[in-house]
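Take a look at this one; I'll ask things after.
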Amino acid sequence: MNNLLIMPVIIPLIVGMVLIIFPKNIILQRALSLFAIAASGLITLNIMNQILDDGIQTLQLGGWEAPFGISFVGDMFSVLLVLTTCIVAFCCLIYAFRSIGEKNEKLYFYPLFLFLIVGVNGSFLTGDLFNLYVFFEVFLLASYVLISLGGGKKQLRESLKYVFTNIVSSAFFLFGVAYLYSITGTLNLAHLSSRIAEAGQDGLITTVALLFLIVFSLKAGLLLFFWLPGSYSVPPTAIAAIFAALLTKVGIYAIFRMFTLIFYHEPQVTHLIIGILAAVTMILGALGAAGFMDVRKILTYNVIISVGFIVAGLVSMTEAGLMGSIYYLIHDMIIKALVFLIGGTIILLTGTSNLREISGLIRRHPALGWMFFIGALSMVGIPPLSGFLGKVFITQGTFEIGYFWLGGIGLLASLFILFSMIKLFMNAFWGETILTEEEEKGSTKGLIFPIALLLIFSLALGLGAEGIQVYVAEAAEQLLNPSLYIDAVLK
Amino acid sequence: MNSFYIILFLPFLFAIIVPFLFKYINKRIHTGWFVLFVPLTIFLYLLQYIPIVAKGDTREYILPWIPSLNINITTYIDGLGLLFGLLISGVGTLVILYSIYYLSKEREELHNFYIYLLMFMGAMLGLVFSDHILILYGFWELTSISSFLLIGYWFERKNSRYGALKSLLITVFGGLAMLAGFIMLILMAETYSIREMIANVGEITNHSLFITALVLVLLGAFTKSAQFPFSIWLPDAMEAPTPVSAYLHSATMVKAGIYLVARLTPIFAGSASWFWLVAGVGIVTLFYGSFNAIRQTDLKALLAFSTISQLGLVMSLLGIGSLAVYFGQSENGILFSAATFAAIFHLFNHSTFKGSLFMVVGIVDHETGTRDIRRLGGLMHVMPITFTIAVIGAFSMAGLPPFNGFLSKEMFFAGVNDVANAGVFGLEQFGLLFPIIAWVASVFTFVYCMILVFKTFTGKFRPEKLTRKVHEAPFGMLVSPIILGLIVVLVFFFPNVLGEYILIPALAAVLPMMQINASDFHISAWHGVNLELWMTIGVVVVGILLYKTLKGWVKLFNNYPYRLTLNHFYDQSLAGTEQFSQNVTNRYMTGSLRQYLVYIFAFFVLLLMGSFITLYGFQFDFSKFAPIELFDIAIVIGIVLAAFVVLFTSHRITAIVTLGAIGYFVSMFFVLFQAPDLGLTQFVVETVTTVLFLLCFYHLPKLKKNIGKISFKLTNLIISLAMGATVTILALAAFGHKVFEPISYFFEKSYELAGAKNIVNAILVDFRGFDTMLEISVLAIAGLGVYVLIRQGSRRREQSNETK
Amino acid sequence: MKPNDVILQSVTKVAVVIIFTFSVYLFMNGHHNPGGGFIGGLSTAAAIVLLYLAFDIEKVRENIRIDFKKLTAIGVLLAVCTGLGGVVFGKEFLTQAFGYFELPVFGETELTSALIFDTGVALAVIGTAVNIILSISEDR
Amino acid sequence: MNGITEIITAIFILIGSVISLLAAVGLVRLPDVYTRSHAASKSSTLGVLCVLTGTLLFFLMSDGYFSIRLILGIFFVFLTAPVAAHVICRAAYRNNAPVADTMVEDELKEYYELHPDYKKKSVVVEETTVQVED
Amino acid sequence: MFKTVLFISLCLLALTILLNLYRVVKGPTSADRIQALDSVGINLIASIGIFSVLFHTRAFFDLMLLIGILSFIGTIAFARFIERSVVIERDN
Amino acid sequence: MEFVIAIVIGILVTIGTYLLLSRQLLRIVLGSSLISHSVNLLIITSGGLKTGNAPLLGEGKVGFTDALPQALILTAIVINFAVTAFVLVLSYRSFKVNGTDDMEKLRGNEYE
């Protein structure tokens, strides 16, 4: 039992609800929401070290022994993600202070933001299939509202597509829950794992596994990412950044959880399919990123590439591959928030996202430009920046099991990442400076700090990889040994 | 931390303080003077290793980075690394000295320039001293990036940006291929250390991935060293300031590929593919570069192509030298080690003469304002010192005595002649190609060297074509090229000092399996009248002839269609990729929700039915199913009927009424299935939902008839039928495939455990109370969302009213 | 121009009382019989909706002066805080307690913390349902 | 005892069902909204009354359980069914729902002719379907 | 015997519901549909009553009352809508 | 019985899918409602049908039907209600702002 596990979910929830009661007091809203995120982060840090010392932490909610109640399970993988979520949320929140506008602040932006975090953190921590669905719905509903925050034409249009796609995927999720419950009679992930291990993963269970793959692919943007480019390019910057950092990652997390803990018996079927999906995703994402001259489009398609890349690590199911995925996942959450914030700032300054109309920003905004450049290099995986280890290990993982095509596509995709990001950099920051100070549509005042903070985290992740390595190795180890998870939950 | 690491990281550390120097001190003192201290220190520091290395010793240091993953900055100082280290720091010193005069402290953003340059220097040093293969890769990419930044230094210029992107894309592409190769190497040797790989070379050569890894690694080396066909980035890289060209694109960065090939020779050499790839690509590049150099009118472009060609020369020598590994410790082995030795020697020589030539061109550019040969001429009298240096550099490049180029060129001819007689790897048939191509390329080399010197410095001086008043460069600018020119001459006269202390240890590092006997590699300017000498004489004679008749035949180049050039290919493929990507993406990302859903549903059906049929087959077990009663059928008919009405009606009240009916029937099902709580909830929710629908109808338009084309409808029909079938089939299979007892038996003790007689309620508030808690949160969020959506709308309208 | 709704309004008054009573009954009874926070809450909401149907928004608002968004938030907070109660006593989050007490009027009564939880649920449901319906009908 | 319970219950329930069925037949066969409304509200209310009474008696006699909820249910249906029918008919009339040919007199006509505002102009009952081609 | 009678009654009610449903589907006016849906609700109450006797359970009593309440609310809402196309009225 | 329910689920899914694929927003919302009904039926059937009495301990019976799916459906119903409410409002807001309820006309262009 470890009640701390619930805190990253409960604190934002309580604070969010309290903030609903006081909608007009903006100072209070800002302070409390920042506090909630920071507190969750610190608690998560604490949990992380407990896991390192004592193994996987669990909390049986309500005191009901698993599998009958709902279990909260903090293994290293999920806790790492929770911590990263808190970091990213913290920075995006600070960015939002200056950029989101008082109108939105009074229209419950902060509570909704906190609910999003509740949902994301909860999805990472829960050890129950149906509870996962509920957490998905929590963050989905929050994201529905956040996407349409502002109520513009494009926002409403894209949020409709986003919402309907997700309604379909939620229905699929429940189909899956029903099938699985019918076959196994349980909902607890650990219990599911042990039951399926006991009975063997037959064709029907594999089919259900693939159903879950579709569900989470829809969330993760793995191949079925049609909703993603539209919905990530319409909301206000801070929201787009948090979406880019978190939403797909929840889906990725779920894929990892399902296919390392429960459906790991038929890798030559399931994992191969995942690998193919990942490869196609990377190719399509790379094409999308290369093809457009639009800040937001380039960035969103980069999100898609990274989804494919991270999942490629899972395919290998080797220690190197999983470790790489975890590194890259953490890196990607931070770096995507970073580049989205910078991209949003560019749009704020110039009033357009069309790269052909932007030029020479670096003269007046050198810090922004260089931070973007470092971010871009980090995405490509240039050592010693944060993406490097992930890239190397994922590639190594795919090579180890002989999926050279997958690793190769991954590396080629990073060339496209480079191309698209440098294209963005060269068009937006280099070239003749065409905007004077007066002509700029907004100011970067107060916006640089959160971006810099994220950059520092990213750099620390890369340069100080040794510091986090123990955690990542532990996480990979736990993913590779489902028995650790099962034992911790079911005792 | 060892003092060596302080030296290694000195450039990076210093780069941090450069902006401050620039900001506060630059007004009085050129920032370059401070930066100069960095390479100088490094150079002097590295000098102390010469005696150690010359004795055959090596040094290694470890700086932990991620020790638990075995990723540490392990450095290894041997002859090869030291040679490069000295070149980097030595030429670096001279280049920075030169740049102080070349770049104005008032007009340029010097801090950026020096940061990039220092970053590059640090990366290059790290590259040549790294033993850890991933660290090596890291520094490798860092050189590409700093090169990108340096080429794009004048980022307002379109050409700069173009060249920068080109170089970055090509070198990083190579870098990524190389990374793949490295990872394969790591998997094969199970170590990150290059030395350990060399020690376990047997495991690698017998591995099935050997050839793949070899090709991939070479791809990296070739792109970096601008080998054919990846050479196209180098001419465009000349957009960088001249000191940069002198440094990166002649002396150091482009040699990284050479370094890599030399470094990995012990691992890969000895195989036919290595020989043919390295030597073949090298010799082709040699020819291609020299051939193209002739037609250039821009001095820097000419030098760029000459660099390509010279790098090809070194590369081909390394390839030839790899035969030594094949032959082992034998006479042939020693013969071919000499080729490797020549490669190292020429590499050094090239750095000196090419560095000086670039600086000369820079001076010309700086003083006259142009680099176009057609506008230049007769500068000899105005700039005598510059002219002298140019002559030294160019003649050395052309392979004439008494300059160091002559020595290595002779050794090169010896090498290609030996290859013709090697008699392995299919050289029996094609061996003769090597000397022939080499000789022809040398003729071209001779010609462009002459063009370089004589078109610029002799002939008629035409000041009217120049924008500036021309005079000799300031002394400071001349110091660096003079020093390099002196080295060029000195090495010719005392080659063996260099040979003994630096080249032979380097050779030993490249070919560790060979017994290197210093006496075998004695360099002498005069080695009798032999084939090589005759070849050189031939080169000079034919070269002079060609130069004299240049005007007559150089026009032939213009007939070569641009469409067939590699550059055109690059531009086309880049534009093509963008266009293709855009087309593909726009093709499936149509923005139509229906299409997205069609994709999703189709994927759902195909994947699940595919796996269900192939993996499970149609096994259904209906034995445990409950019996069907008449009343059930009534409800079923009701639901189906109502559902069809919802589908076909074009009357929204009807749709809602029938939807409500479906809800009522479903809740009737819940009654039949003994779920009172569900029945209650379903009923209430259905009613409230109906009210909601009605409320929204005020704002929503009426239903239209189902419109659309037949094909549209047909697709929808097929997809939806398939969806329904999939869900049903899976449901039937799953319902009949109950493997385990459900866990709900536990909840039947709810009264003892939770004090509740209603099991469902006990589950909701107690056993799974957390779900419920979140579910009301979801409700709360939805309520909030509805409120926010509507408020936004009303505010929007208020605003628009105000503006009216 | 409003048509008169006398019949409807007078019946509604009676019906609403019945529904309210019934809702409370459903809510209180939920632990042992079908019902509970949700259904109780939703049927209360239904009663309020009926009021809105029969009368107009303004009239109802004069009599029920509650910000339903805040009601929702309070409901959720109540539910969460019951959960935190367990934490305070060193038990797992959401641990519910129940016991049988001798109360002066009611005799032996079962008191459970789940009831507080259920109250939270009910409040949240009422708040949300009414909030949504009100928001939509106020929009034009 | 048990036998009597069952017989009484069965009779009530059977009668109730038959009345309901008759009501349904009326709902299908009668010519216009108003007459159908008459059948539906009156008869089915009676039907449900019978069935619920039967149920009530069954539990009263076999378990000795007197269900207030059932009584309340019967009461509620009785309270609301006429109102619902009234509201529907009024809505129908205001929307100019067609009247059967057999109708003799429309007493409300005059009233609504006096107060034309009461009758809706835009008719929602029969929504016109708009064909939009793309 | 008892069970048989109940069963017959159930079937009669099922038939009733289907007939009502026919009216729901057929219309022709919205008022007809709503009236029929209301009828369906009431008949559902009756059939649940028979079920309670059949299963001998009190679990569904609440549901019966609730259906009564809700079908009333639903009917009112529908009627409101077709009458005035606004469900909830506002003063201004 | 499971067989019949499975067929009903299939029909509901088919019609729901067909409606989801249509162009008009209201139809899409109706489709999602139908699908959610099918989901609920699927879940309750996954626990087995007619296997026991209503899960109430107060009536002194033994042998209960599986209560867990019922609890799950309750949660699902409520969540679905929340989503439907939101979607409805979103739809009509979008209709008012964008001026059309035809999803095919809401594709969106590159720059607007």
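All chains are identified by letter, namely A, B, C, D, E and F, in their written order; residue positions are counted from 1 within each chain.
In the analysis below, a residue touches a chain if its C-beta (ideal position, glycine included) is under 8 Å from a C-beta of that chain, and two chains touch if they have at least 3 such contacts.
Per UniProt, the chains are A = Na+/H+ antiporter subunit D; B = Na+/H+ antiporter subunit A; C = Na(+)/H(+) antiporter subunit B; D = Na+/H+ antiporter subunit G; E = Na(+)/H(+) antiporter subunit F1; F = Na(+)/H(+) antiporter subunit C.
Please read these numbers as outputs of a predicted model, since none were measured by experiment.
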**Complete:** Computed over C-alpha atoms, the centroid farthest from that of subunit B (Na+/H+ antiporter subunit A) is that of chain D
**C-E against D-E, pair bridged by the larger set of C-beta contacts** = D-E
**Complete:** dist(centroid_CA(subunit D (Na+/H+ antiporter subunit G)), centroid_CA(subunit F)) in Å evaluates to 29
**Message:** Rounded to a whole Å, what is the gap between the Cα centroids of subunit A (Na+/H+ antiporter subunit D) and subunit C?
**Reply:** 37
**Request:** Please report how many Å separate the Cα centroid of subunit C from that of subunit F, as a whole number.
**Result:** 25
**Prompt:** Measuring from the mean C-alpha position of subunit B (Na+/H+ antiporter subunit A) to the mean C-alpha position of subunit C, what distance in angstrom results?
**Reply:** 63
**Prompt:** What residues in subunit D (Na+/H+ antiporter subunit G) touch two or more of the other chains?
**Reply:** 72, 76, 80, 83, 87, 94, 124, 132, 134
**Request:** Scan subunit F for residues touching two or more other chains and write them down.
**Result:** 20, 25, 28, 38, 42, 45-47, 53-54, 56-58, 68, 74-75, 78-79, 82-83, 85-86, 89-91, 93, 97, 103-104, 106, 108
**Request:** Please list all residues of subunit E that touch 2 or more other chains.
**Result:** 10, 15, 17, 30, 34, 55, 58-60, 62-63, 65-66, 69-73, 76-78, 80-88
**Parts of subunit F lying in touch with subunit A (Na+/H+ antiporter subunit D), wherever the complex brings them together** = 20, 25, 28, 32, 35-36, 38-39, 42-43, 45-47, 68-69, 72, 75-76, 79, 82-83, 86-87, 90-91, 93-94, 97-98, 103, 106, 108, 110-112
**Prompt:** In their complex, what parts of subunit B (Na+/H+ antiporter subunit A) are in touch with subunit F?
**Reply:** 590-594, 597-598, 601, 622, 624-629, 632-633, 636, 639-640, 643-644, 646-647, 652, 655, 659, 662-663, 666, 669-670, 672-678, 681-682, 685, 688-689, 692-693, 696, 699-701, 703-704, 706-708, 715-717, 719-721, 723-725, 727-728, 731-732, 734-736, 738, 742-744, 747-748, 750-751, 757-760, 763-764, 767-768, 771-772, 775-776, 778-779, 781-783, 785-786, 789-790, 792-793, 796
**Fill in**
Within their complex, subunit A (Na+/H+ antiporter subunit D) touches subunit B (Na+/H+ antiporter subunit A) through residues 13, 17, 20, 61-62, 64, 67-70, 103, 107-108, 111-112, 115, 118, 122, 130-131, 134-135, 137-138, 141-142, 144-145, 148-151, 160-161, 164-165, 168, 172, 175, 178-179, 181-188, 191, 195, 199, 202-204, 206-208, 210-211, 213-214, 218, 223-224, 226-227, 229-230, 269, 273, 284, 286-292, 301, 360, 362, 377, 380, 382-384, 388-389, 391-392, 395-396, 399-400, 404, 407-408, 411-412, 414-415, 418-419, 422-423, 426, 430-432, 465-466, 469-470, 473
**Sites on subunit E touched by subunit F in the complex** = 55, 57-60
**Fill in**
Interface with subunit B (Na+/H+ antiporter subunit A), subunit E side, in the complex: residues 7, 10-11, 14-15, 17-18, 21, 24-25, 27, 30, 33-34, 37, 40-41, 44, 47-48, 51, 55, 59-60, 62-63, 66-67, 70-71, 73-74, 77-78, 80-82, 85-88
